[in-house]
Structure formats: C-alpha cells, structure tokens
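Shared between the two complexes below is subunit A, which pairs with subunit B and subunit C, respectively.
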Partner chain A sequence: MSARFAVGADVRVRAAFPPGHVRTPFFVRGKTGRVTQVLGPYRNPEALAYGRSGEPAQPLYRVVFETAALWDDYRGAPHDSTVVDLYENWLEQA
Partner chain B sequence: MAQDHEHGHEHDHGHDHAHQPHPFQPDLEETPLTHYQVMTQAVGDLLIEKGIFSADELRAMLEAIDAKSPAAGARVVARAWTDDGYKARLLEDVNKAAAELGIDAGGIPIRAVENTESVHNVIVCTLCSCYPRLLIGLPPDWYKSRAYRSRTVREPRAVLAEFGTVIPDDVELRVHDSTADLRYLVLPLRPAGTEGWSEEELAGLVTRDCMIGVTLPKSPHY
Partner chain C sequence: MSKETKGGSGSAHRLLRRHHDMGGLPAGPVEPTEHDYAPWEKRVDAIMRLLGDGKRRLITTDELRRCIEELGPGAYDEMSYYERWIASITNNLLEKGVITVDELGRRMAQIGEAWPAGAEARDAKLAERKP
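The block that comes next holds the complex of A and B.
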C-alpha cells in the first residue's frame, strides 16, 4: 500500500471519537501537523486489538505539531514541538 | 524497658515494643490480582498446556527480559559519539546498529532521536508504557505512571524540572509520544570535556534516564 502523504505534507488528524481500542491520542484529534517521516506499513492496531488481521496494513507516519497549538495555555517555549506516530486512516489533507 | 507505657496492666512483657499491631509488608498473595494479571496467568497456563511453549521456555524468556539493562543502550550511544558512520547507521535503524555490537534489541523497530544544541528530545507513551525494553531494560515505574504519561505532553518543561533538568527556552523541547509500532531512544549530546575518552569511559556517562530524555548524560567532572 503506497503512502498517501509525503514528508512535509500538512495533515489534519480526524476529530473522531470512536469507542474501543484507538491509538490516536485525544490531544491531537482535530489538530494540524506536518509529516516528518513515513515509517512504512503496519497492520491496523484498531483491528488487531479485536483478534482481526489488521489488513490491509496502514501507512504509519511521524507527525510533528507545535505544542503551543495543542494546548490553549501551554507555558513552555514557543518552538516546543510534539511528535506523534499516526496511522493513515486518522489523517486527512490539511 | 520503656517506662512511659500508658496501658493499664502492670506485668512485665520482657520487651518494649509498642502495643499497636505494627504494619507489615503483605505477601504477594494478599494483594488482589487484577483482571489482567489473572488473564495473563491463564493465557500462560493454556499456552503451556497446549504445548506452544514449555514452562521452562516461558521462565527463560522472563529471565532474559529481566536481565536486559541500560548498559546495552549506553554502549550503543558511546559508539555513536565516537564514530560518525556508526551514528548515521544508528539514526537509520537502531536494531541493526545494535546488532553490529552483538546486541539483540529485539524485533520491534527502535528509532533514535538525536539531541543537538537546538533540540532536546524526551520520550513518553501517553497510552500505555511503550519502551525499548530489549535495548535498555524494563522501564522505571514513573515512566508507566499516569502523571508522567499525561503531564509530559501537557507541561514537559515542568516535568523535566522535577527531574532537575532545565532546558533553555531557546532550545526546542521535542516530546515524542510513542503509541504505535515503534520504540524510541534518545541519543544524547556528548558532554563537553570528554575529548579523547574511550568508548567504555563514555558509556559510563550514559544513564537510562538520559536515553529517555528526562535528563542529560552525567558530567565528566564528577
């Protein structure tokens, strides 16, 4: 399965809140970040968790966010960043 | 015998312990098993019963995992500090680079994130406690705590300060949340004042915590 997003692409994490086993942390849902690395295909953990095959594998990305954009009252430094590993089914073009 | 007992009776016990039952450490069997502990035990028993692996193989695997320590990670870091070619290979693929040194870092892919003068990295797994166990041993209890997992993404500089680590504001603090299929290792900056040090000496400065990113390597001056 070829990756839909390339390094440098701006992506938005779906603001979805499905029940069950989900690997996308709450604090990035609905947020926009940038792809820093395409890690390759990995079986979907949201299916594996229930004994299913996890196929087709999902491209997995490293996505970097400005930390100050993730939290309303972030008190760190302006250039601080947060990198989260996200599966393609959670990402859309920003 | 202490003279200030306040209890009413007069006879001599021949010893002077306080008369409250004193607390003792409960035996393992006295703390309730959690759902997942019961499940783990049951699955282990079933796999042995079905002959998938033997009790001794399970025991040996637990022993092997418990025997892993940060020393292997420290060797990898020290080699990267002294050999730029090795460092490039480490940043590409930690498992392969570890294998060059005869270290089996397991099958889960590990990536290294490099500290520089302008970026400091710290690792957390907000959803559970993902950690490169086969390279640097079992995670410390605090790494698995809800406080570390929730606060490191929310107020990382405050968390680091509690570990005694103050990162200047002009350095980007980069938090890595490893909630998926990879594990992460911080490649710390080589401390100044270690020119000419051997790999083995350098490895002595590399602690577990600096490979998680909550602190810096030990200073060469102490």
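The block that comes next holds the complex of A and C.
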C-alpha cells in the first residue's frame, strides 16, 4: 500500500465532526500542518473500535502544527509546535 | 498556511466536541506523583490483557477506548482511571454476549452478601459522589 503524502507535504485535516470513535483530536480538525514522518500502515481504529477488522490498513503520518494556530488564546512561545499522529483518511492536500 | 477553519474555543464547532476529547482546554498544571496500584486495579489491568490476548481476542484497545468515551461527561469525570476501564470492559462483554446483565446482577449481590464490609465501602463511596 502506498502513502499518498510524502515527508514535507502540507496537509489539511478534514473539518469533520462525526459521532463515534475517532482518533483525530478535535483541536487539529480544519487545521494545516506538515508531514514529518510516514509511520507506516495500521489497521483503522475507527473500525476496530466497533469489533470490525480495521482492514485495509491505512498510512499513519506524523504531522507538525504551529501551536499558536491551534488555539486562539495560546500564550506560550511563538514558535511552539504540536505533533499529532493522523490517519490518511483525515488528511487532504493543503 | 492556507485557509483555516477555527477548530478552537471560538468556533461553533465546539458544540461538536466530544467530552473526552479535551486536549488544550484549561486544566491547570499537571502534578506528577508516584503511586502504588491497589490490588483491584492490577486485576482490572490483567483482565484486559487476558481478554485481548491472541487466544481470546475478545476486546481490542480501540473497543476499550470507545466504551470509555461513551461513559458520558458525568461518569467520565467522576470515575478513576481503572474504574473507567472496568466499566468499559463490562459494557464490551455485555455487548458481545460474553456475560449477561442478569448474571452480573446476581453475582454482584452474592459478593455483597459474602463481604458486607466491601459493599458498605462501595455504597459510602457512591454516596460521597452525590452532591
């Protein structure tokens, strides 16, 4: 299985808010980040959580965000970054 | 950075945030402390490992997490870490038909009779939580 995004790609996290078990934190939805690592294929936890096989496995990416872009009221250092592991079905080309 | 949607605190989307998904909300400092686990907590951990092992495959980590998320705001906040685990394990086993509600109710009553001090301690703890 091939990964759609390469290291260095700018990706936008889908602004989706489905009910049920998702592994994409609320605070990154709709936000843009950059792929720093392609972690490999993993079975989909959104299906595994309901007793299903989670197949086909999906590429999982390590994505870095500017922390100040995630929270309007963030008062930390200006160049702080936040790293989140995200499955491919949540990502679009930015 | 291209067009951004505000997913943060200022957004109408905040209404769609599920309770457990609280990363970045105001919470105060984290105070790490070393602590020992109570015997029942170790037992809950062991039960989960056994239910998910290669031989049984009855619960996945993802299913454990799903049922913890489904506890809802009240129970989610009041329960301790391993209380959430055992509540989730119980619901998973009920859903899968491994145990039944009737069986569980009878067994809990039996244990309460065999060990009244335990049942009293449980009731006192539950009463403490009610405002």
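Basically, the second predicted complex is superposed on the first by the 94 of 94 C-alpha atoms of A that agree within 3 Å, B and C clash if a C-alpha of one lies under 4 Å from a C-alpha of the other, contacts with A are read in each partner's own complex, and residues count from 1 in each chain.
Here is the rule we go by: a contact is a pair of C-beta atoms (placed from the backbone, for glycine too) under 8 Å apart; a residue touches a chain by one contact, two chains touch by 3 or more.
Here the structure is a predicted model, which is why all the values come from computation and not from measurement.
Annotation: superposed three-chain arrangement on subunit A; subunit B versus subunit C shows a clash.
Contacts of A:Y42 after superposition on the shared chain: subunit B is touched, whereas subunit C is not.
Once chain A of one complex is fitted onto chain A of the other, the partner contacts of A:W71 extend to both subunit B and subunit C.
By the touch criterion defined above, A:A15 lies against subunit C but remains apart from subunit B after alignment on the C-alpha atoms of chain A.
In the superposed model, A:K31 makes contact with subunit C only, not with subunit B. Of the two partner chains placed around the shared chain by superposition, subunit C is the only one that A:Y50 touches, whereas subunit B remains out of contact. In the superposition on chain A, A:A3 makes contact with neither subunit B nor subunit C. Contacts of A:A94 after superposition on the shared chain: subunit C is touched, whereas subunit B is not.
Comparing which residues of subunit A touch subunit B with which touch subunit C, the overlap comprises 25, 27, 45, 70-71.
If you check the complex, the residues on subunit A that touch subunit B are 23-25, 27, 39, 42, 45, 60, 64, 67, 70-71, 74-77, 79-87. Residues of subunit B touching subunit A in their complex: 109, 126-127, 153-158, 169-182.
Chain contact summary for the complex, subunit A toward subunit C: residues 10, 12, 15, 17, 19-21, 25-32, 45, 48-51, 54, 66, 69-73, 94. Interface residues of subunit C, counted against subunit A in their complex, comprise 1-2, 4-10, 13, 16-18, 21, 23-24, 60, 62-63, 65-66, 69, 96.
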